[in-house]
Amino acid sequence: MTTSSLSPDPLLQEIIGPTPGQKLRRRVVGHRGLLLGGIVLVVLVIVALFAPLIAPHDPYAQNLMGRLQPPVFLGGTWEHVLGTDHLGRDYLSRLIYGARVSLLIGTVAALISGTIGTILGVSAGYFGGRVDAVVTFLINVRLALPVVLVALAVVALLGGSLQVVIFVLGLLLWDRFAVVMRTSTLQVRNRDYVTAASAIGASTTRVILSEIMPNIMNNLIVVITLEMAHAILLEAVLSFLGLGVQPPTPSWGLMVSEGKNMMLFEPWLVLIPGAVLFVLVLSINLLGDGLRDVSAPEGRS
Amino acid sequence: MKTALLRTTAAAIALSASTAAFADKASDTLHVAFTKELESVDSYMNSAREGIVIQRAVWDGLLYRDPVTNEYIGNLATSWEWIDDLTIEFKLREGVTFHNGEAFNADDVVYTVDFVANPENGVKTQRNVSWMKSAEKIDDYTVRIHLKSAFPAAIEFLAGPVSIYPNEYYAEVGPSGMALKPVGTGPYKVVEVEPGQHFVLEKNETYFDGPKGDAQISRIDIRTIPDINTQMAEMFNGTLDLIWQVPADQAGKLGEMSQFQAVNESTMRVGFLLLDAAGKSDENSPFKDVRVRQAVAHAIDSQSIVDALLKGSSQVIKSSCFPSQFGCDTDVTTYEYDPEKAKALLAEAGYPDGFTTEFFAYRNRDYAEAISSYMNAVGIKTNFNMLKYAALRDLSATSGVPVNFQTWGSFSINDTSAFTGQFFKFGDLDTVRDPELRDTLEIADTSTDPEVRIENYSKALNLIADQAYMVPMFSYNTNYVFTQEVSYTPTPDEVLRFATMSWN
Amino acid sequence: MLPFILKRLGLAFLVALTVSLISFFLLYLSGDPATALAGEGATSEDIANINARYGFDRPLLVQYGSWLFNALTGDFGESYYFKMPVSALLADRLSVTMLLGVCGISFALLTAVPLGVLAAMRPNSLIDRFALFLSVAGQAMPSFWFGLILIVVFSIKLQWLPASGASSWAHFILPTVVLGYYAMPAIMRLTRAGMLEVLSSDYIRTARAKGASEGRVLFKHALRNAIIPVVSLAAVQMGFMLGGSIVVESIFALHGAGFLAYESISRNDLPTVQALVLIFSMFYILFTFAADVLNAWLDPRMRSS
């Protein structure tokens, strides 16, 4: 069975085996992207972890009489630096707490899908034959399902909440993991140290855990960053469409959705959370790109 | 760069406010937006507000209620008379023709009533028609309608949702044909239908001079535009002339612009919380305790919600009915906003630290969020669930929900029975199941003596308030925004009446 | 070639069958469809009436069987909401979505391929950095946010383009850009990588040595080779795109299949959602199949692998 339709994404091909072109590209973006992405991400993680200490107000405290106050740079006051939302809650504080939601969803969803995808991909690559055929088939089925549509439908059925969204995204986004882990395992499987370990009678589990996994970990980490970004964006889409995280939980996608109603008059309600979301996803992507460049062993192909 | 964009956008809005919109007065076509996709134009086959709007323009009922004076007058009938509790006789208007040329007579009434009264024909809102048993032709212009049981509100329904269809045409094409090519007697006829998306109405030149009055504007062009922002963008561009059901914030901003007028009218829709007093969702539900229910009532600042979110002609509602409804006694126990008292009541009920509950809502996410936040503030933590109406209804009917933010519009029927009947008479939405309450309401609903009705509604409403079975909060309103070239006075029943619109 | 096609076809068929099974059962968990049918303001009487009319009590497997059989003949049942055949409903909406998809992928190809070529011609130049920045930024941009910004800028501020509807070609410009930009980074990267690889090959060096003009080298030799995988990637992206039309159509109020899907989910209109999940999946399967066949036809090595 060919894998051509399984790795249409050039990103994956870059992960699996660099071409001379990509090597060149590394020189262009190289570690600068890694550094920049890393710094921004670390800052956002710190903000998320210490949200209660950093946020100037309670993100849930509503004040109906002080709704829709503009940010300070549009004529507002320093009391609410980024203004207040449609229920009079402090926008900055909600953004800060929103970082928690995005990062939590990104991390947990990527861990769930990573676990599923790695188990499937490594089994397919290691055992080959029928196992490989079944896994490849499953990947094809999964790719054929329209992610947004299925996620929307399932969340609509189960009711939106943080747990449901994480669970649904985790179960839907394992395809890239499976594709990359399968190919990486195939590349490693026939190396001397693996065949040697098998020959001296090490158990399959042991061979996979101690010989194969360490050698494909680089690729795994890169895919984790990609899928984290993917999950964060999808959560925002679901919340934007009203079928994701539910209020009063401060989610950036939800904030854009709630601000959208007043977009023509108070565009900052939409621009601010959207911009923060963009920066977070961008920094994760830069980090992932950088990690791939740094970790890819030379001359592997 | 971001701030620059912000400023230019703000400037653009100000700029667009000063440029005159080119409404289609010249081509005598009024462009209107619907928010919701209308499933079927056949007025018996939809349950949407948009459907009522088209129904009032295209078809006529036997009777008509003047939207301002609330007086009943003849429409397709010229007079009517109660023969007994179960029979009404109508004298029909002569010389009326349908849009397709078919003449109107008793056969049309008999066919329509017999068709819609048969549940197998699938009329969507059975309540509108299920009280009718059959119709009987006396002569070409005299007809009798037979009721299943005594139903004082019959006149209201005959002036509202029950419209008369052409018998020969409807027999031939059925509901699906009627939905694609509607035929009625009203001041407007439908010339174009793209299901759910686009409807074009044209003035009926042969309108029979009924109480709705002759249409003034030649064409009404209605498009479905679900997003309020795009509706507003089209108002700015001049490709729309009238939008309605505009949220309060946006209506306020549009009203400030010189080329638009924003008009606010009240509606009969009331927003309230249903608390699981019967313990359907959980045997140990805290809401079984009257003190907890009273605490919730004290926790919510309805006045602030009205002032800040609903605005306009909305009012704080204290009794479980809309004040204008017959039998609506508003002199009942009320619960002022008092978080401390709410906390004290919770402590008294054994919840000094509050508790956690599921909170369900189906519309107005922002109001629902504000309400749940008030509950959080007195220690009742809420898990917020926003479901579609159908899903929430299903859930509350089967396994029950502890806190349910619901609204009810009473089908615009000006009688308390249309409100209380839905929630306290052991139907699937009844979260109380109090037999005494049910029996009191039953007397009030079926008696033909107004005094007896008023007395029993009062008794029932006082019981509901004392027990805080329901926490009524506010009434809704509707905002209409249209260009300065349009002249229109909206009515409180939330129905657009195209025939009364004209150009300035 | 034929055995290869047959094998891929068999696989595509199996995938399609599995997808149909998943979409049917997944969406059947939604509880009582009768309540959805009755609509807001319905009484218990209305709901009971509808339950009796539609008969939702047959065994699930029987319902799946008859649904699948009917679907194969183009009959997806009746929409709960519109009370008309789903297939009639879809005919209209799908053409909007297909048009949008074609516009979107064309936009992506017409911008990404030249950009990729330019970037490959001058590696490390300003244009290369710009292309790289676009591809990284493009992937991080939430599409709904991008769409809203375009509306604010082009429809409200400049009033150049309409914000909603589908009545003229101008209505498709903004949705095309939003839908297309998401496929751009991948296409751009692949074009650039492919061009770099081909340009450094012996084959091109020979052509240059023979004195072929730079334009001829670039377009006749290099691009023609580098474009093959790009075309098949575009086919696959097109399949993804149709699924992504939900967001774009709901922002721009285009009455296409994606918007219908979103609305139908909200309305519990089960037959319509099932039909749409199936059709979107079929499009994806069809496009990947086409891409595979194309690849195999152009590059015989792939057939044996």
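Each chain gets a letter, A, B and C, in the order it is written, and its residues are counted from 1.
What we mean here is this: a residue touches a chain if its C-beta (ideal position, glycine included) is under 8 Å from a C-beta of that chain, and two chains touch if they have at least 3 such contacts.
Model, not experiment: these values are computed from the prediction.
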Touch-network distance, chain A to chain B, counted in steps: 1
Farthest chain (mean CA position) relative to chain B: A
Dominant chain pairing [most C-beta pairs in contact]: A-C
Length of the line joining the C-alpha centres of chain A and chain B, rounded to whole Å: 44
Centre-of-Cα separation between chain C and chain A, whole angstrom: 21
Distance between chain centroids, defined by C-alpha means - chain B, chain C (Å): 39
For chain A, residues that touch 2 or more chains besides their own: 156, 260, 263-264, 267, 271
Of all residues in chain C, the ones touching two or more other chains: 30-31, 151-152, 156, 250, 266
Residues within chain B bordering two or more other chains: 5, 9, 13, 229, 233, 388, 391
Chain A-facing residues of chain C, complex: 11, 14-16, 18-19, 22-23, 26-27, 29-31, 120, 123-124, 128-129, 132, 136-137, 139-145, 148-149, 151-152, 156, 186, 189-190, 192-197, 200, 232-233, 236-237, 242-244, 246-247, 250, 261-262, 265-266, 273, 276-277, 280-281, 284-285, 288-289, 291-292, 295, 302, 305
Complex interface listing, chain A residues touching chain C: 1-2, 4-5, 8-11, 13-14, 19-22, 24-25, 27-29, 33, 137, 140-141, 143-150, 152-154, 156-157, 229, 233, 236-237, 240-241, 243, 253, 256, 260, 263-264, 267, 270-271, 274, 277-278, 281-282, 285-286, 289
Contact footprint of chain A on chain B as seen in their complex: 2-3, 5-6, 9-10, 13, 228-229, 232-233, 247, 249-250, 253, 301, 304-305, 307-309, 365-366, 368-370, 372-373, 376, 383-388, 391
Complex contact set, residues of chain A against chain B: 60, 62, 64-65, 67-68, 73-74, 86-88, 156, 159-161, 242, 246-249, 258, 260-265, 267-268, 271, 275
Chain B residues within the chain C interface of the complex: 5, 8-9, 12-13, 16, 37, 39-40, 45-48, 119-120, 122, 124-127, 130, 175-176, 179, 195-197, 223-227, 229-230, 233-234, 236-237, 239, 388-391, 393-395, 397-398, 409, 411, 422, 427-428
